[in-house]
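Here come two complexes built around subunit A, the first alongside subunit B, the second alongside subunit C.
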Partner chain A sequence: MQWQTIFKKELTEHWRSFKWIWVPIVFIIFAIMDPLTMYYFPIIMDTVGNVPEGATMDFPTPSVAEAMIMSFSQLGLLGVLIAVVVSMGLVSKEVKSGVYELVLSKPVSFTNYITAKYVAILMLIAFSLAASLLVSWYYVNILFGTISFIQIVVSILFFIVYFMMILGIVMLFNSFLKSQGLVAFLSIITVVALNVVSSIYSHVITWSPTLISDYINVYFYSGQLETEIWFSSVAAVAITVISLIIATITLKNKAID
Partner chain B sequence: MTLMSVEQLTKTYQSTNVVDELTFSLEPGKCVALLGPNGAGKTTTLRMLAGFIKPTKGEIVFNEERFSRDVRHYVGYLPQYPVFHNWMSGEEFLTYVGQLAYLTKHEAKAKAAELLDLVNLSDAKKQRISKYSGGMKQRLGIAQALIHDPKLIILDEPVSSLDPIGRREVLNLIRELKKDATILFSTHILNDAEEVSEEILLMHKGKMIKQGAISDVSETQGTTSIHLSFGDEPKFIEERLKEIDSVFNVNREEDGFIVTVHDINIARSQLLDLIQQEEWELTRFEIGKTSLEDIFMKAVTE
Partner chain C sequence: MDTTVIQLLLPLGVLQLILIIIALIDLRKIDETNGPKWMWVLIIIFFNFIGPVLYFILGRRM
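Our next item is the complex of A and B:
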């Protein structure tokens, strides 16, 4: 019951700060930007002009898979950034402003506090991802060719698992830092580091969660789901759970000063 | 019966004892003032009592067997600078914290309405908290501390940041609350403590330097002086006062007279009779006692 109270409060707060409106819109823009510009590139060049007479321009139209992957990789960069920005203050802002002291003077369980906030922001991000990728899928289907509905839904679900981990990491930094900026900075550094390490040793740590997007790309090309994507997902969930547990323990032991 | 007893409570930050071996107990139904200059360790003490920070050493026992759960179930706490979710209305916030304290939504709403009435915020209940004035926020802070009917109400400097009107409102509210709960509030303003509390705990540099009932601490034996002030000074007043047989001496002070008397009870009625009879414009009649300020200064400089 307490969990639902905090969860509902979080949803209301996100709603009143218009996050439920701008985050999906921004995600949709990121997702459709690249496929649309690629498709209309020749027309855009024609209209904007300034192409010297006689210059032949030959732009290969991307394949269906390539077009869809563009959306995913845009969200994999900018989407991650936005996800970090909207969640960087979830706990740290409340601790810094002092609301935390009032809220925690009630018998609030730290586990409820962390997980309710986490699930609320996850819902927002998952919704934004699903909405933006489905819109992009709609355009890709019209402009480039067909991708099955099952395939896009499965890809979106795995992609959400990847974002689950990112939000988990942000919650972890939230629990012991007061500065939102620092939370964002360290979260992004961590994700980048994970990505770099995983791509260097991609043949060894094939279960790395950051490889989920690579496996999704393969899925679009081949139509076959790699087995490794399951291991990566399990790893992502494991990192999420561990992050949330550590975040809870950190808050519990922290003295307000 | 003791509501809460504290034994050798100590909090150490970077090897200094911010709170140093406090031992005291709180009786139910009393209003206790925690006094001390800024930096005496009052806030740290209150935070430990409210269950926020762990003591380095010592024990806080909350009514032994009867309350064995998380102490926060029984304590209502108002921080020194309460901060709310400013995007909520006062009513929403109270309902929210009520539900956090395990009231059902229905109960929380009912209790919120009742408390908003008590702290005189019913008219502003739908307004966003960001629009509230300082005094309104302080009153909302008190209301949120009361939402789960706590056995002990801890208020950290509830009046220090308020203007005289807000201060008066909050003090009246504390007086009202005393009827049903135990209140522990910190302040560095001695008048406030004198006004509403029965007991004081006096802290200085983390240590408890004086504790006890306010009457025990503040009354000196054999008081023989009365301080009088008048709006418009009556003619020949000094002579008239000296004529009273219980009056021993009259001293003119900057703001009135200090009348030294033989027997305080006789002198009081004789003086008041005279003043009534002559219809003098009395503005102050104070039986001299050591004020908390004197005790405080004495204890601190000792």
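Our next item is the complex of A and C:
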């Protein structure tokens, strides 16, 4: 009941600031930009490239899997950036402006406060991811060849799990920092560090959550789902839960002070 | 340019147009922005795609 009130308040706030429109649109543009450019690359080079007379260039057309992976990797970079920026002020902004004290002057539990905010932003990001990757799948199907619907849906679900972890980390930094910029900066640093470490030791920590996108790529090439992707997803969920618990405890301690 | 090219690129153009329009609507509604409002109008209209995104991220006063 109380949870739903905060959740609904969050959803209306996202809606009023047009997040439900601009985030999906930006994600869609990110996702389809690369496959489209690759497809029209020869034409683009012809019209603006100043190719010297007689020069022949062979551009290998990317395979279906490669084209689809382009969308995923684009979202893995720029999509993560947008997701962090959109969620950087969720708690820190309210703590700074005093709205937070107003909310907690009513008997609101910290767990409800954190989880309701988290689920609301997760819904927005999950929707944007699903919409953009489905649009991209549609384009890839027209331009490059067919990928089965099941394959794309499974990949989207695993990709959402990856973003779940990122949003969890952002919520964690939100709980003890007041500056939005610092929240975004530290979250991105953490995600990048996780990525670097797990790509260096990818043969050792095969369950690292940041390898989810790598396993999705393999899935597109081979059509076979690696078993490790399940361990990575469990690790991602575990990190999310731990982040949210620590965030709740931090807010509780802040209230006592 | 044959018609298939237009059919494929038209949705992209429409999406960018929607982005510009909602950014302008939001700019009209909002009380204060970081920096002068007229500057944001120019950024939103002339910097295709990046302009509205920059506005939503940096322009709205938190």
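The definition used in the following text is that the second predicted complex is superposed on the first by the 253 of 257 C-alpha atoms of A that agree within 3 Å, B and C clash if a C-alpha of one lies under 4 Å from a C-alpha of the other, contacts with A are read in each partner's own complex, and residues count from 1 in each chain.
Rule of thumb we're sticking to: contacts are C-beta pairs under 8 Å (C-beta built on N, C-alpha and C of every residue); 3 or more make two chains touch, one makes a residue touch a chain.
None of the values given here were measured: they were computed from a predicted structure.
In the superposition on chain A, A:I142 contacts subunit C only, with no contact to subunit B.
In the superposed pair of complexes, A:M1 makes contact with subunit B only, with no contact to subunit C.
Contacts of A:E13 after superposition on the shared chain: subunit B is touched, whereas subunit C is not. Judged by the touch definition given at the top, the superposed model places A:G98 against subunit B, while subunit C stays out of reach. Residue contacts after overlaying the shared chain place A:W230 against neither subunit B nor subunit C.
Once chain A of one complex is fitted onto chain A of the other, the partner contacts of A:P107 are limited to subunit B, with no touch recorded for subunit C. By the touch criterion defined above, A:L36 lies against subunit C but remains apart from subunit B after alignment on the C-alpha atoms of chain A.
Once the two complexes are laid over each other on the shared chain, residue contacts for A:W22 go to subunit C alone; subunit B is not touched. Once both structures are placed on chain A, subunit A residues 17 are touched by subunit B and, in the other complex, by subunit C. Residue ranges of subunit C in contact with subunit A, taken from their complex: 5, 8-9, 12, 15-16, 18-19, 22-23, 25-26, 49, 52-53, 56-57, 60, 62.
The residues of subunit A lying in touch with subunit B in their complex are 1-2, 5-6, 9, 13, 16-17, 97-99, 101-108, 255-257. Within the complex, the subunit B residues that touch subunit A are 13, 47, 50-54, 69-70, 72-73, 75-77, 79, 81-85, 87, 96-97, 99-102, 104, 141, 144-145, 148.
Across the complex, subunit C is touched by residues 17-19, 21-22, 25-26, 28-29, 32, 36, 40, 43, 82, 85, 89, 93, 139, 142-143, 180 of subunit A.
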